Amino acid sequence: MSRPIDIQELVAEVIDHSNGATSVFVGTVRSTNEGKEVLMIEYSAYEAMAAKEIEQIVDEAADKYHVRHIALEHRLGELAIGEASIAIVTAHERRAPAIDAMRYVIEEVKRRAPIWKLEHYADGSRNWVNAGTGQAK
Amino acid sequence: MSRPIDIQELVAEVIDHSNGATSVFVGTVRSTNEGKEVLMIEYSAYEAMAAKEIEQIVDEAADKYHVRHIALEHRLGELAIGEASIAIVTAHERRAPAIDAMRYVIEEVKRRAPIWKLEHYADGSRNWVNAGTGQAK
Amino acid sequence: MTVTVLFFASYAECLGIKSMSLEIGDRGTVGDVVRAVSGLSGASALPPSPLIAVNRSYARATDVLSNGDEIAFIPPVAGG
Amino acid sequence: MTVTVLFFASYAECLGIKSMSLEIGDRGTVGDVVRAVSGLSGASALPPSPLIAVNRSYARATDVLSNGDEIAFIPPVAGG
(Lines give C-alpha, C1' and ligand atoms only; values in the text may rest on other atoms or scores of the structure.)
Protein backbone atom coordinates (compact mmCIF):
# COMPACT_ATOMS: atom_id res chain seq x y z
CA MET A 1 0.00 0.00 0.00
CA SER A 2 2.99 2.31 0.34
CA ARG A 3 4.57 2.18 -3.14
CA PRO A 4 3.06 3.83 -6.24
CA ILE A 5 0.35 1.88 -8.03
CA ASP A 6 1.64 0.21 -11.19
CA ILE A 7 -1.34 0.10 -13.56
CA GLN A 8 0.40 -2.09 -16.12
CA GLU A 9 1.07 -4.62 -13.36
CA LEU A 10 -2.60 -4.61 -12.30
CA VAL A 11 -3.68 -5.01 -15.92
CA ALA A 12 -1.28 -7.96 -16.21
CA GLU A 13 -3.04 -9.62 -13.27
CA VAL A 14 -6.30 -9.86 -15.21
CA ILE A 15 -4.86 -10.87 -18.58
CA ASP A 16 -6.57 -13.93 -19.99
CA HIS A 17 -6.96 -14.80 -23.65
CA SER A 18 -10.67 -15.46 -23.22
CA ASN A 19 -11.15 -11.75 -22.44
CA GLY A 20 -11.94 -9.16 -25.10
CA ALA A 21 -12.44 -6.18 -22.81
CA THR A 22 -10.43 -4.65 -20.01
CA SER A 23 -11.76 -1.72 -18.02
CA VAL A 24 -9.68 0.41 -15.69
CA PHE A 25 -10.48 3.10 -13.17
CA VAL A 26 -7.78 5.21 -11.55
CA GLY A 27 -8.49 7.73 -8.82
CA THR A 28 -5.87 10.44 -8.40
CA VAL A 29 -5.29 13.28 -5.97
CA ARG A 30 -6.70 16.52 -7.40
CA SER A 31 -4.95 19.86 -7.02
CA THR A 32 -8.14 21.60 -5.89
CA ASN A 33 -11.19 20.56 -3.91
CA GLU A 34 -14.19 22.79 -3.32
CA GLY A 35 -12.17 25.77 -4.42
CA LYS A 36 -9.23 25.18 -2.12
CA GLU A 37 -5.69 24.45 -3.31
CA VAL A 38 -4.68 21.00 -2.09
CA LEU A 39 -1.05 20.25 -1.16
CA MET A 40 -1.42 16.55 -0.37
CA ILE A 41 -3.84 14.01 1.07
CA GLU A 42 -3.24 11.67 3.98
CA TYR A 43 -5.17 8.42 3.55
CA SER A 44 -5.89 6.28 6.60
CA ALA A 45 -8.06 3.21 7.10
CA TYR A 46 -9.42 0.67 9.49
CA GLU A 47 -7.14 -1.63 7.59
CA ALA A 48 -8.44 -5.05 8.58
CA MET A 49 -12.04 -4.09 7.89
CA ALA A 50 -11.19 -2.21 4.67
CA ALA A 51 -9.45 -5.32 3.32
CA LYS A 52 -12.46 -7.48 4.26
CA GLU A 53 -14.98 -5.00 2.83
CA ILE A 54 -13.04 -4.62 -0.44
CA GLU A 55 -12.75 -8.39 -0.79
CA GLN A 56 -16.51 -8.65 -0.31
CA ILE A 57 -17.19 -5.88 -2.86
CA VAL A 58 -15.01 -7.68 -5.41
CA ASP A 59 -16.86 -10.93 -4.72
CA GLU A 60 -20.22 -9.17 -5.18
CA ALA A 61 -19.10 -7.65 -8.50
CA ALA A 62 -17.82 -11.05 -9.64
CA ASP A 63 -21.19 -12.66 -8.83
CA LYS A 64 -23.37 -9.85 -10.14
CA TYR A 65 -21.61 -9.45 -13.52
CA HIS A 66 -19.95 -12.88 -13.86
CA VAL A 67 -16.56 -11.18 -14.02
CA ARG A 68 -13.79 -13.49 -12.84
CA HIS A 69 -10.91 -11.08 -13.38
CA ILE A 70 -10.82 -8.14 -11.00
CA ALA A 71 -7.71 -6.52 -9.54
CA LEU A 72 -7.70 -3.64 -7.08
CA GLU A 73 -5.14 -1.60 -5.21
CA HIS A 74 -5.76 1.18 -2.71
CA ARG A 75 -2.95 3.25 -1.28
CA LEU A 76 -2.71 4.63 2.25
CA GLY A 77 -0.45 7.28 3.75
CA GLU A 78 0.59 10.61 2.26
CA LEU A 79 -0.17 11.08 -1.43
CA ALA A 80 0.95 14.00 -3.57
CA ILE A 81 -1.10 15.75 -6.27
CA GLY A 82 -1.52 13.53 -9.31
CA GLU A 83 -0.68 10.32 -7.46
CA ALA A 84 -3.07 7.37 -7.84
CA SER A 85 -4.93 6.50 -4.64
CA ILE A 86 -6.93 3.65 -6.13
CA ALA A 87 -6.84 1.56 -9.28
CA ILE A 88 -9.40 -1.04 -10.29
CA VAL A 89 -9.00 -3.32 -13.30
CA THR A 90 -11.67 -5.69 -14.57
CA ALA A 91 -11.63 -7.97 -17.60
CA HIS A 92 -14.30 -10.03 -19.30
CA GLU A 93 -15.10 -11.63 -22.61
CA ARG A 94 -17.44 -8.68 -23.41
CA ARG A 95 -17.22 -4.98 -22.62
CA ALA A 96 -20.52 -4.38 -20.79
CA PRO A 97 -19.81 -6.69 -17.82
CA ALA A 98 -16.22 -5.42 -17.58
CA ILE A 99 -17.33 -1.78 -17.40
CA ASP A 100 -20.30 -2.50 -15.12
CA ALA A 101 -18.13 -4.46 -12.67
CA MET A 102 -15.49 -1.72 -12.64
CA ARG A 103 -18.15 0.88 -11.89
CA TYR A 104 -19.76 -1.27 -9.18
CA VAL A 105 -16.44 -1.73 -7.40
CA ILE A 106 -15.47 1.96 -7.35
CA GLU A 107 -18.97 3.05 -6.24
CA GLU A 108 -19.12 0.50 -3.43
CA VAL A 109 -15.55 1.13 -2.27
CA LYS A 110 -16.39 4.82 -1.95
CA ARG A 111 -19.64 4.01 -0.14
CA ARG A 112 -18.49 1.28 2.23
CA ALA A 113 -14.73 0.89 2.64
CA PRO A 114 -13.60 2.40 5.99
CA ILE A 115 -10.97 4.69 4.50
CA TRP A 116 -10.52 8.38 5.23
CA LYS A 117 -8.84 11.37 3.62
CA LEU A 118 -7.26 14.25 5.47
CA GLU A 119 -6.70 17.03 2.94
CA HIS A 120 -3.90 19.51 3.55
CA TYR A 121 -4.34 22.89 1.86
CA ALA A 122 -1.95 25.54 0.62
CA ASP A 123 -3.35 28.02 3.17
CA GLY A 124 -2.14 25.76 6.01
CA SER A 125 -5.58 24.40 6.92
CA ARG A 126 -6.62 20.76 6.82
CA ASN A 127 -9.94 18.98 6.53
CA TRP A 128 -11.32 15.45 6.86
CA VAL A 129 -13.06 14.97 3.53
CA ASN A 130 -16.81 14.32 3.96
CA ALA A 131 -16.62 14.56 7.77
CA GLY A 132 -19.42 16.70 9.10
CA THR A 133 -21.05 17.10 5.72
CA GLY A 134 -21.58 13.38 5.16
CA GLN A 135 -21.52 14.36 1.51
CA ALA A 136 -20.35 11.58 -0.74
CA LYS A 137 -17.70 12.50 -3.29
CA MET B 1 -1.89 2.42 -36.08
CA SER B 2 0.68 -0.30 -36.76
CA ARG B 3 2.65 -0.44 -33.50
CA PRO B 4 1.27 -1.89 -30.23
CA ILE B 5 -0.90 0.45 -28.17
CA ASP B 6 0.97 1.87 -25.18
CA ILE B 7 -1.68 2.41 -22.50
CA GLN B 8 0.65 4.31 -20.15
CA GLU B 9 1.39 6.71 -23.00
CA LEU B 10 -2.34 7.28 -23.67
CA VAL B 11 -2.93 7.82 -19.94
CA ALA B 12 -0.09 10.35 -19.94
CA GLU B 13 -1.90 12.28 -22.69
CA VAL B 14 -4.84 13.01 -20.39
CA ILE B 15 -2.90 13.77 -17.20
CA ASP B 16 -3.96 17.04 -15.64
CA HIS B 17 -3.79 17.90 -11.97
CA SER B 18 -7.38 19.13 -11.98
CA ASN B 19 -8.51 15.54 -12.68
CA GLY B 20 -9.37 13.09 -9.94
CA ALA B 21 -10.57 10.23 -12.13
CA THR B 22 -9.15 8.43 -15.12
CA SER B 23 -11.12 5.76 -16.92
CA VAL B 24 -9.67 3.34 -19.46
CA PHE B 25 -11.15 0.83 -21.87
CA VAL B 26 -9.01 -1.64 -23.75
CA GLY B 27 -10.41 -4.01 -26.36
CA THR B 28 -8.29 -7.08 -27.02
CA VAL B 29 -8.41 -9.96 -29.48
CA ARG B 30 -10.13 -12.94 -27.85
CA SER B 31 -8.95 -16.51 -28.40
CA THR B 32 -12.49 -17.73 -29.13
CA ASN B 33 -15.55 -16.21 -30.77
CA GLU B 34 -18.89 -17.97 -30.99
CA GLY B 35 -17.25 -21.23 -30.08
CA LYS B 36 -14.52 -21.09 -32.72
CA GLU B 37 -10.82 -20.91 -31.95
CA VAL B 38 -9.44 -17.64 -33.31
CA LEU B 39 -5.87 -17.45 -34.63
CA MET B 40 -5.75 -13.74 -35.43
CA ILE B 41 -7.90 -10.85 -36.61
CA GLU B 42 -7.27 -8.60 -39.59
CA TYR B 43 -8.61 -5.10 -38.98
CA SER B 44 -9.34 -2.86 -41.95
CA ALA B 45 -11.04 0.51 -42.25
CA TYR B 46 -12.29 3.26 -44.50
CA GLU B 47 -9.47 5.16 -42.87
CA ALA B 48 -10.32 8.76 -43.75
CA MET B 49 -13.94 8.34 -42.67
CA ALA B 50 -13.03 6.33 -39.54
CA ALA B 51 -10.71 9.12 -38.42
CA LYS B 52 -13.43 11.71 -39.03
CA GLU B 53 -16.14 9.66 -37.32
CA ILE B 54 -13.93 8.96 -34.28
CA GLU B 55 -13.03 12.63 -34.00
CA GLN B 56 -16.74 13.47 -34.06
CA ILE B 57 -17.54 10.82 -31.42
CA VAL B 58 -14.83 12.24 -29.16
CA ASP B 59 -16.25 15.75 -29.65
CA GLU B 60 -19.74 14.51 -28.81
CA ALA B 61 -18.50 12.82 -25.63
CA ALA B 62 -16.61 15.97 -24.66
CA ASP B 63 -19.76 18.09 -25.10
CA LYS B 64 -22.17 15.63 -23.51
CA TYR B 65 -20.12 14.93 -20.36
CA HIS B 66 -17.94 18.06 -20.23
CA VAL B 67 -14.86 15.88 -20.45
CA ARG B 68 -11.92 17.74 -21.96
CA HIS B 69 -9.40 14.93 -21.72
CA ILE B 70 -10.01 12.02 -24.07
CA ALA B 71 -7.37 9.95 -25.84
CA LEU B 72 -8.07 7.12 -28.27
CA GLU B 73 -6.08 4.73 -30.38
CA HIS B 74 -7.39 2.09 -32.78
CA ARG B 75 -5.13 -0.39 -34.49
CA LEU B 76 -5.47 -1.75 -38.01
CA GLY B 77 -3.83 -4.69 -39.71
CA GLU B 78 -3.16 -8.17 -38.30
CA LEU B 79 -3.57 -8.53 -34.55
CA ALA B 80 -2.66 -11.61 -32.54
CA ILE B 81 -4.65 -13.04 -29.61
CA GLY B 82 -4.38 -10.79 -26.56
CA GLU B 83 -3.27 -7.74 -28.54
CA ALA B 84 -5.12 -4.48 -27.93
CA SER B 85 -7.18 -3.31 -30.90
CA ILE B 86 -8.54 -0.19 -29.23
CA ALA B 87 -7.78 1.84 -26.14
CA ILE B 88 -9.77 4.80 -24.87
CA VAL B 89 -8.70 6.96 -21.95
CA THR B 90 -10.82 9.70 -20.40
CA ALA B 91 -10.09 11.92 -17.41
CA HIS B 92 -12.21 14.35 -15.44
CA GLU B 93 -12.38 16.02 -12.07
CA ARG B 94 -15.02 13.47 -10.98
CA ARG B 95 -15.47 9.78 -11.76
CA ALA B 96 -19.00 9.71 -13.20
CA PRO B 97 -18.29 11.90 -16.26
CA ALA B 98 -14.98 10.10 -16.88
CA ILE B 99 -16.64 6.67 -16.91
CA ASP B 100 -19.72 7.86 -18.85
CA ALA B 101 -17.57 9.48 -21.54
CA MET B 102 -15.40 6.37 -21.86
CA ARG B 103 -18.49 4.21 -22.28
CA TYR B 104 -20.04 6.60 -24.81
CA VAL B 105 -16.91 6.57 -26.95
CA ILE B 106 -16.53 2.78 -27.08
CA GLU B 107 -20.26 2.24 -27.78
CA GLU B 108 -20.33 4.81 -30.59
CA VAL B 109 -17.05 3.66 -32.14
CA LYS B 110 -18.46 0.13 -32.31
CA ARG B 111 -21.73 1.42 -33.74
CA ARG B 112 -20.47 3.97 -36.28
CA ALA B 113 -16.76 3.78 -37.10
CA PRO B 114 -16.25 2.16 -40.54
CA ILE B 115 -13.85 -0.52 -39.32
CA TRP B 116 -14.05 -4.24 -40.07
CA LYS B 117 -12.68 -7.44 -38.62
CA LEU B 118 -11.78 -10.53 -40.59
CA GLU B 119 -11.38 -13.38 -38.12
CA HIS B 120 -9.07 -16.26 -39.02
CA TYR B 121 -9.82 -19.54 -37.24
CA ALA B 122 -7.74 -22.54 -36.24
CA ASP B 123 -9.79 -24.74 -38.59
CA GLY B 124 -8.58 -22.69 -41.57
CA SER B 125 -11.84 -20.82 -42.12
CA ARG B 126 -12.29 -17.04 -41.93
CA ASN B 127 -15.24 -14.78 -41.32
CA TRP B 128 -16.11 -11.10 -41.54
CA VAL B 129 -17.38 -10.37 -38.03
CA ASN B 130 -21.01 -9.17 -38.07
CA ALA B 131 -21.29 -9.37 -41.86
CA GLY B 132 -24.51 -11.02 -42.89
CA THR B 133 -25.84 -11.19 -39.34
CA GLY B 134 -25.78 -7.43 -38.85
CA GLN B 135 -25.53 -8.39 -35.20
CA ALA B 136 -23.68 -5.82 -33.10
CA LYS B 137 -20.99 -7.18 -30.80
CA MET C 1 -21.21 13.71 -63.88
CA THR C 2 -18.65 11.33 -62.42
CA VAL C 3 -18.55 9.94 -58.89
CA THR C 4 -16.11 7.59 -57.19
CA VAL C 5 -17.55 4.48 -55.58
CA LEU C 6 -15.65 2.66 -52.83
CA PHE C 7 -16.15 -0.87 -51.48
CA PHE C 8 -14.70 -2.27 -48.26
CA ALA C 9 -14.21 -5.51 -46.38
CA SER C 10 -16.80 -8.19 -47.27
CA TYR C 11 -18.34 -6.02 -50.01
CA ALA C 12 -14.98 -5.54 -51.74
CA GLU C 13 -14.48 -9.28 -51.48
CA CYS C 14 -17.91 -10.16 -52.97
CA LEU C 15 -17.58 -7.71 -55.85
CA GLY C 16 -13.88 -8.31 -56.42
CA ILE C 17 -13.28 -4.54 -56.63
CA LYS C 18 -12.33 -1.83 -54.16
CA SER C 19 -13.31 1.22 -56.17
CA MET C 20 -14.81 2.35 -59.46
CA SER C 21 -15.71 5.49 -61.32
CA LEU C 22 -19.36 5.84 -62.21
CA GLU C 23 -21.04 8.14 -64.70
CA ILE C 24 -24.48 9.23 -63.49
CA GLY C 25 -27.06 11.78 -64.61
CA ASP C 26 -27.30 15.29 -63.18
CA ARG C 27 -29.12 15.33 -59.85
CA GLY C 28 -28.40 11.60 -59.52
CA THR C 29 -28.96 10.26 -56.01
CA VAL C 30 -27.36 7.77 -53.65
CA GLY C 31 -30.19 5.42 -54.62
CA ASP C 32 -29.17 5.68 -58.27
CA VAL C 33 -25.64 4.56 -57.39
CA VAL C 34 -26.97 1.66 -55.31
CA ARG C 35 -29.13 0.53 -58.27
CA ALA C 36 -26.17 0.77 -60.64
CA VAL C 37 -23.97 -1.26 -58.32
CA SER C 38 -26.67 -3.91 -57.86
CA GLY C 39 -26.12 -4.86 -61.48
CA LEU C 40 -22.46 -5.76 -60.88
CA SER C 41 -21.28 -9.35 -60.74
CA GLY C 42 -21.29 -10.53 -57.08
CA ALA C 43 -23.67 -7.78 -55.97
CA SER C 44 -26.34 -10.30 -54.97
CA ALA C 45 -24.35 -10.79 -51.74
CA LEU C 46 -24.99 -7.15 -50.78
CA PRO C 47 -28.14 -6.17 -48.87
CA PRO C 48 -30.84 -4.32 -50.89
CA SER C 49 -30.30 -1.12 -48.87
CA PRO C 50 -26.64 -1.05 -47.86
CA LEU C 51 -25.30 1.63 -45.54
CA ILE C 52 -23.79 4.42 -47.65
CA ALA C 53 -21.44 7.28 -46.89
CA VAL C 54 -21.03 10.30 -49.16
CA ASN C 55 -17.79 12.22 -48.74
CA ARG C 56 -17.12 10.39 -45.45
CA SER C 57 -20.48 11.02 -43.80
CA TYR C 58 -23.40 8.60 -43.54
CA ALA C 59 -26.02 9.43 -46.18
CA ARG C 60 -29.60 8.57 -47.24
CA ALA C 61 -30.80 6.98 -50.49
CA THR C 62 -32.54 10.21 -51.49
CA ASP C 63 -29.46 12.42 -51.07
CA VAL C 64 -28.54 14.15 -54.33
CA LEU C 65 -24.94 13.78 -55.48
CA SER C 66 -22.47 16.25 -57.01
CA ASN C 67 -19.72 15.75 -59.52
CA GLY C 68 -16.63 14.24 -57.84
CA ASP C 69 -18.47 12.88 -54.80
CA GLU C 70 -16.98 9.86 -53.02
CA ILE C 71 -19.69 7.24 -52.36
CA ALA C 72 -18.72 4.42 -50.02
CA PHE C 73 -20.62 1.16 -49.46
CA ILE C 74 -20.24 0.41 -45.72
CA PRO C 75 -20.61 -3.22 -44.61
CA PRO C 76 -21.86 -3.84 -41.03
CA VAL C 77 -19.12 -2.26 -38.93
CA ALA C 78 -17.15 -4.19 -36.35
CA GLY C 79 -14.58 -1.83 -34.91
CA GLY C 80 -13.21 -1.74 -31.41
CA MET D 1 -17.76 -8.49 29.81
CA THR D 2 -15.02 -6.54 28.07
CA VAL D 3 -15.09 -5.15 24.54
CA THR D 4 -12.51 -3.18 22.58
CA VAL D 5 -13.63 0.14 21.09
CA LEU D 6 -11.77 1.69 18.13
CA PHE D 7 -11.86 5.26 16.82
CA PHE D 8 -10.58 6.44 13.45
CA ALA D 9 -9.81 9.60 11.53
CA SER D 10 -11.85 12.64 12.67
CA TYR D 11 -13.40 10.70 15.58
CA ALA D 12 -9.99 9.70 16.95
CA GLU D 13 -8.94 13.33 16.63
CA CYS D 14 -12.02 14.71 18.45
CA LEU D 15 -11.76 12.21 21.29
CA GLY D 16 -7.98 12.22 21.44
CA ILE D 17 -7.94 8.40 21.64
CA LYS D 18 -7.68 5.59 19.08
CA SER D 19 -8.91 2.70 21.20
CA MET D 20 -10.19 1.80 24.64
CA SER D 21 -11.35 -1.20 26.61
CA LEU D 22 -14.89 -0.98 27.87
CA GLU D 23 -16.63 -3.05 30.55
CA ILE D 24 -20.32 -3.57 29.72
CA GLY D 25 -23.11 -5.72 31.15
CA ASP D 26 -24.06 -9.13 29.77
CA ARG D 27 -26.22 -8.86 26.64
CA GLY D 28 -24.94 -5.30 26.22
CA THR D 29 -25.67 -3.84 22.77
CA VAL D 30 -23.97 -1.59 20.25
CA GLY D 31 -26.30 1.15 21.51
CA ASP D 32 -24.94 0.71 25.05
CA VAL D 33 -21.40 1.27 23.78
CA VAL D 34 -22.48 4.36 21.81
CA ARG D 35 -24.10 5.77 24.98
CA ALA D 36 -20.98 5.08 27.04
CA VAL D 37 -18.76 6.77 24.45
CA SER D 38 -21.07 9.80 24.27
CA GLY D 39 -19.98 10.62 27.83
CA LEU D 40 -16.31 10.96 26.84
CA SER D 41 -14.63 14.33 26.54
CA GLY D 42 -14.83 15.53 22.92
CA ALA D 43 -17.72 13.17 22.06
CA SER D 44 -20.05 16.09 21.34
CA ALA D 45 -18.39 16.31 17.91
CA LEU D 46 -19.67 12.81 17.05
CA PRO D 47 -23.12 12.35 15.48
CA PRO D 48 -25.82 10.94 17.80
CA SER D 49 -26.00 7.69 15.80
CA PRO D 50 -22.54 7.09 14.37
CA LEU D 51 -21.88 4.25 11.94
CA ILE D 52 -20.60 1.24 13.90
CA ALA D 53 -18.80 -1.95 12.90
CA VAL D 54 -18.63 -5.01 15.14
CA ASN D 55 -15.78 -7.39 14.38
CA ARG D 56 -15.19 -5.65 11.03
CA SER D 57 -18.78 -5.74 9.76
CA TYR D 58 -21.30 -2.92 9.82
CA ALA D 59 -23.72 -3.36 12.73
CA ARG D 60 -26.98 -1.97 14.14
CA ALA D 61 -27.58 -0.26 17.48
CA THR D 62 -29.67 -3.19 18.69
CA ASP D 63 -27.02 -5.85 17.95
CA VAL D 64 -26.03 -7.73 21.11
CA LEU D 65 -22.32 -7.94 21.86
CA SER D 66 -20.11 -10.75 23.12
CA ASN D 67 -17.05 -10.70 25.33
CA GLY D 68 -13.97 -9.67 23.34
CA ASP D 69 -15.89 -8.01 20.47
CA GLU D 70 -14.16 -5.23 18.52
CA ILE D 71 -16.49 -2.23 18.15
CA ALA D 72 -15.35 0.44 15.68
CA PHE D 73 -16.78 3.95 15.31
CA ILE D 74 -16.70 4.67 11.58
CA PRO D 75 -16.62 8.34 10.47
CA PRO D 76 -18.15 9.17 7.05
CA VAL D 77 -15.93 7.20 4.67
CA ALA D 78 -13.97 8.85 1.86
CA GLY D 79 -11.96 6.13 0.18
CA GLY D 80 -11.04 5.85 -3.44
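A, B, C and D label the chains in the order they appear, each numbered from 1.
Definition applied: contacts are C-beta pairs under 8 Å (C-beta built on N, C-alpha and C of every residue); 3 or more make two chains touch, one makes a residue touch a chain.
What you see is a predicted model; the values in this text were computed from it and never measured.
*Asks:* Could you set subunit B aside, keep the rest fixed, and say what connected groups are left?
*Replies:* Components, subunit B removed in thought: A, D | C.
*Asks:* Rounded to a whole Å, what is the gap between the Cα centroids of subunit A and subunit B?
*Replies:* Roughly 24 Å, centre to centre.
*Asks:* Between subunit A and subunit C, tell me the centre distance in angstrom, where each centre is the average of that chain's C-alpha atoms.
*Replies:* 49
*Asks:* As a quick test, compute the distance in whole Å between the mean CA positions of subunit C and subunit D.
*Replies:* 72
*Asks:* Counting only residues that touch at least 2 other chains, which ones in subunit D make the list?
*Replies:* 80
*Asks:* Multi-chain contacts in subunit B: which residues touch at least two other chains?
*Replies:* 27, 95, 106, 137
*Asks:* Can you name every pair of chains that touch?
*Replies:* Between chains, contact exists in these pairs: A-B, A-D, B-C.
*Asks:* For a test of understanding, state which residues of subunit A touch subunit B in their complex under the given definition.
*Replies:* Within the complex, subunit A touches subunit B at residues 7-8, 11, 15, 17-32, 81-82, 93-95, 98-99, 102-103, 106, 137.
*Asks:* In the complex formed with subunit D, which residues of subunit A make contact?
*Replies:* Within the complex, subunit A touches subunit D at residues 27, 43-46, 48-50, 52-53, 74, 85-86, 106, 109-118, 128-134, 137.
*Asks:* Spell out the part of subunit D that touches subunit A in their complex, as residue ranges.
*Replies:* Listed in rising order, the residues of subunit D that touch subunit A are 6, 8-10, 13, 53, 56-58, 72, 74-80.
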